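Let me begin by presenting the structure, written as structure tokens, before commenting on it.
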Amino acid sequence: MNKRVGQLQLIKKIKLNYNNYLLEFKADSILSDIKPGQFVNIQIDRSPSTFLRRPISIYDVNYQTDTISLVVKIVGAGSETLTSTEPGSIIDMVYPLGNGFSQPKAGDKCLLVGGGVGVAPLYLLAKEMNINGIKPFILLGARTAEDHILLSEFNKLGEVFLTTNDGSLQVKGFVTDHEIWSNSLNFNKIYCCGPEPMMKAVAAKAAKLDIDCEVSLENLMACGFGVCLCCVTKTHDGHKCVCTEGPVFNIKDLEWQI
Amino acid sequence: MANLEVKIHNLTFKNPVITASGTFGNGVEFDDFIDVNSLGGIVLKGTTLKHREGNNYPRMAETASGMLNAVGLQNKGAEYFCKHIYPAVLRYDTNVIVNVNGSTIEDYIALAEIINDLEAIPAIELNISCPNVKEGGMAFGTSCPMAEQVTKEVRRVYSKTLIVKLSPNVTNIAEIARAVESNGADAVSLVNTFLGMAIDAEKRVPRLSTVTGGLSGPAIKPIALRMVWQVAQAVKVPVIGMGGIMCASDAIEFLLAGASAVQIGTANFVDPQVSVKVIAGIDDYLQRHNFNSVLDIIGGLQM
Amino acid sequence: MANLEVKIHNLTFKNPVITASGTFGNGVEFDDFIDVNSLGGIVLKGTTLKHREGNNYPRMAETASGMLNAVGLQNKGAEYFCKHIYPAVLRYDTNVIVNVNGSTIEDYIALAEIINDLEAIPAIELNISCPNVKEGGMAFGTSCPMAEQVTKEVRRVYSKTLIVKLSPNVTNIAEIARAVESNGADAVSLVNTFLGMAIDAEKRVPRLSTVTGGLSGPAIKPIALRMVWQVAQAVKVPVIGMGGIMCASDAIEFLLAGASAVQIGTANFVDPQVSVKVIAGIDDYLQRHNFNSVLDIIGGLQM
Amino acid sequence: MNKRVGQLQLIKKIKLNYNNYLLEFKADSILSDIKPGQFVNIQIDRSPSTFLRRPISIYDVNYQTDTISLVVKIVGAGSETLTSTEPGSIIDMVYPLGNGFSQPKAGDKCLLVGGGVGVAPLYLLAKEMNINGIKPFILLGARTAEDHILLSEFNKLGEVFLTTNDGSLQVKGFVTDHEIWSNSLNFNKIYCCGPEPMMKAVAAKAAKLDIDCEVSLENLMACGFGVCLCCVTKTHDGHKCVCTEGPVFNIKDLEWQI
């Protein structure tokens, strides 16, 4: 149950679409303590533009083979370098970090809402739900059909609903425009990860429908383990560190104007 | 194994490696990564008399070989410190130093008095150089008269080792060092962060909620090293050097320039185990160069 | 193509990109790499009244995302300049600015008078911030009274555009900027290099023959940008910003912070073509963001 | 005849010994203007420790195929990164830089003295001499037998004499300990490149024997093309830039205490 600095070997790299990669790593420790919603903090190299580590959510864990999978979207120098690393390379990570999602209660009707690369942490969560006998509903949004990643994986774990901003796949619009919200499906619990505007929109829906809702934040981090106090978000109880008291927060604790 | 022990005033440090305030939490966050007791000392997160929420997010911007921070001394205040943090750090067998902050001289005095009563805290680091608070902070460290006054007043109420942490945002840091020395500082530590700024060119907004913040990391090392060298020549009290130390060789540069000990800050974020690696590296250096003691290299720059 | 033209005092620059003194030789060294005429301006290597041999080797040390230099104003003096360098730069169709240095006020005055007579030199940059000379240099730029005096005296004899180049090694750069503004500066440029130091830990010697030197490059950008922002708010004359600019986006940060133009220094060593790339990048930025003129982004930081 | 910024492709990499590599690059320009003794200035990457370019002598040029070869010794981060670059990669160089060696006169009896990786610029010089009908004598020094590189190449171009500090190959000692200096071979010209103490010792010999001698210096450089004035050496005519007025100097111009 300790945070650790590990040397993980990249063993597989799959290009998911034009700017997203799935990276699988062989860990140097037993991973049984890792929970859905936690993240790793990766040392890229020490070039001037990637001096600090880069936090990436844990997408999947194979507890038998001690492998961790991540989904990385290229947005800048760090993600660029990381995704151009070749299998066989050793990558330095601090892990596992963050609190993770809460466990749903048996019989809970759960909706997972993911946007863009924010779908990543929802996968391990859905997998765990399946083990505990819960088939979640999974609502995923992206800009275009091409931006939807890992659909076949999510399809195995629950019923999947999609939106695209341009209408190129299923419902046109944002995730909050999907009819799933008006169908009286009576969700007990919503788990959400994606761009902040999307999470705020989902939080607003959840608040209105009075459904318990957890969101996974992605604030800028310097340390990732609670010592720099850079990654804070405002809660009713003051500033909280996203890296240790999050990244998952219940929306009822956040000071979001929704 | 060479002798790594150093003395700062009447305090003994196992080795010259101390972790810097604001980058090491309260130590406990590092228990997973290293044996905190192997360090020469740790300086706890900046503390103020009263609870402070700190500045708004975003508080951090990465820059070339460095980072800006604008945390703004978020902390739960002296009372919480005494009740919750102090008991948690009691178990450490290393010098646990409290970083003392204030907006007014009265604040500094009141907090120093409180910490003076905590038996297991052998020293305070008087931070007169925080660039991230609206009142006080760096204002005290960038003016000789103010630096003198706050040091003198705190000295009056604080009876243990008093380290004063200097701001690099000054024309003449040696002058400020002499001012605090002659008003009762037992040691000086430097540097705190440099006031800097970053802009998101695409969005045309500052990257920090506070517009400006404090620059730390390897980018500042050459300036920090120069200041430590200047101050070491200007004062008789021990100097604790810091600014961009990432490895043993960086630390040795500061020792050679005249620092009796070093602090490691931002590097702790990049590698939570860096502090113990630096200790091992200094030991290795001393052995390779046939020095018995780290004291043999302090101020050992050959000109 | 957006309108890139800017004015500094009564001088028109094709675009806001100028190359910094000491990093661009006399321009001719770049003829192989770029069309020098495409630049807004060039500032020639620091010149003094008399020939100077400069400091001893080693004069350079690489640091994290930056470098220290201790050239010490090596140059052949005013007479050689007028006879050999001036004729060579006459052919350039860009603003050719001379960087004027001195150990005494009399030196500055004498040199400014000489340059004043050179028709094709529309401006001087009064360097009161060189950290690498024993006398004068930075001493003028780190004291308000001295900065005032040298500006006032040079203003008396120099009738064209007078840019004063400020030192960042000060507590309050806005104060110095105001001091030179009210004594006749038509513009200020900042920052010169930060006084820094590097040590060879293995050999236990300074890496520079002069022990300390001037730090430049991306490492200093956050501090330089903060200073430019502060000065732009403090003075009415145009500000020329520099310090660590490596690409168009860096240059745009300085423009947004309030600089009317930028200078590119150390980056010229890393990529001799960087200056023209920055011009193209600024143009591209303006078009992408639908600005007709670079003037639309100067000081355009949204707070 | 212009200095240029080029994008050269690494086409071959040969490990010469434990810390020296030969790298061959395909240039993007015609190389007919390159002279023996000139150098290239290489952009490594922009990591904090290799912010500036790294100057490397030109070892060989194939004027037909427009390829340049360099010999790189690993001494720090830059040389480490450069020598671990894989063939196919594109490397950014400024070239050709520096003045180069002077041409010997027809019939000159030339001695080339190289130490360590300092042998590199002597190769193209020796090649040119051969074209002009001069067979140089080549005296190479190194710490051990293993440190001697490219001997078979030099053997093709002239008579080769070796020293090793430990005596593991041929004469034990420094290059100046070799008997070649006492044999009355009547050299007209010495060309030398190696560590500074070695060059100074050779310069002292040459001065004593009154032989014209050129040395190639390796001062620290920031720009490499004459604008930073960091790379100076003292001459009787004041400070001169090693990058433009050197790297090759005639010892009679240098202020060396020899």
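Which chain is which? They are A, B, C and D, in the order written, and residues in each are numbered from 1.
We take it that a contact is a pair of C-beta atoms (placed from the backbone, for glycine too) under 8 Å apart; a residue touches a chain by one contact, two chains touch by 3 or more.
None of the values given here were measured: they were computed from a predicted structure.
Think of each touching pair as a link: the shortest run of links from chain B to chain C has 1 of them. Centroid distances built from C-alpha atoms place A farthest away from chain D.
A straight line joining the Cα centres of chain A and chain B is 36 Å long. Between chain B and chain D, the centres computed from C-alpha atoms are 47 Å apart. Within chain D, residues 46, 48-49, 51 each touch two or more of the remaining chains.
The set of chain C residues touching two or more other chains comprises 61, 64-66, 217-218. If you check the complex, the residues on chain B that touch chain C are 61, 63-66, 68, 142-143, 169-171, 194-199, 201, 204-206, 211-212, 215, 217-223, 225-226, 229, 244, 249, 252-253, 256-257, 285, 297, 300-303.
Of all residues in chain A, those touching chain B in their complex are 2-5, 43, 46, 48-53, 94, 219-234, 238-239.
The residues of chain B lying in touch with chain A in their complex are 22-25, 29-30, 32-33, 45, 53-54, 56-62, 64-67, 69, 71, 74, 217-218, 266, 268-273.
Chain D makes touch with chain A in their complex at residues 45-49, 51.
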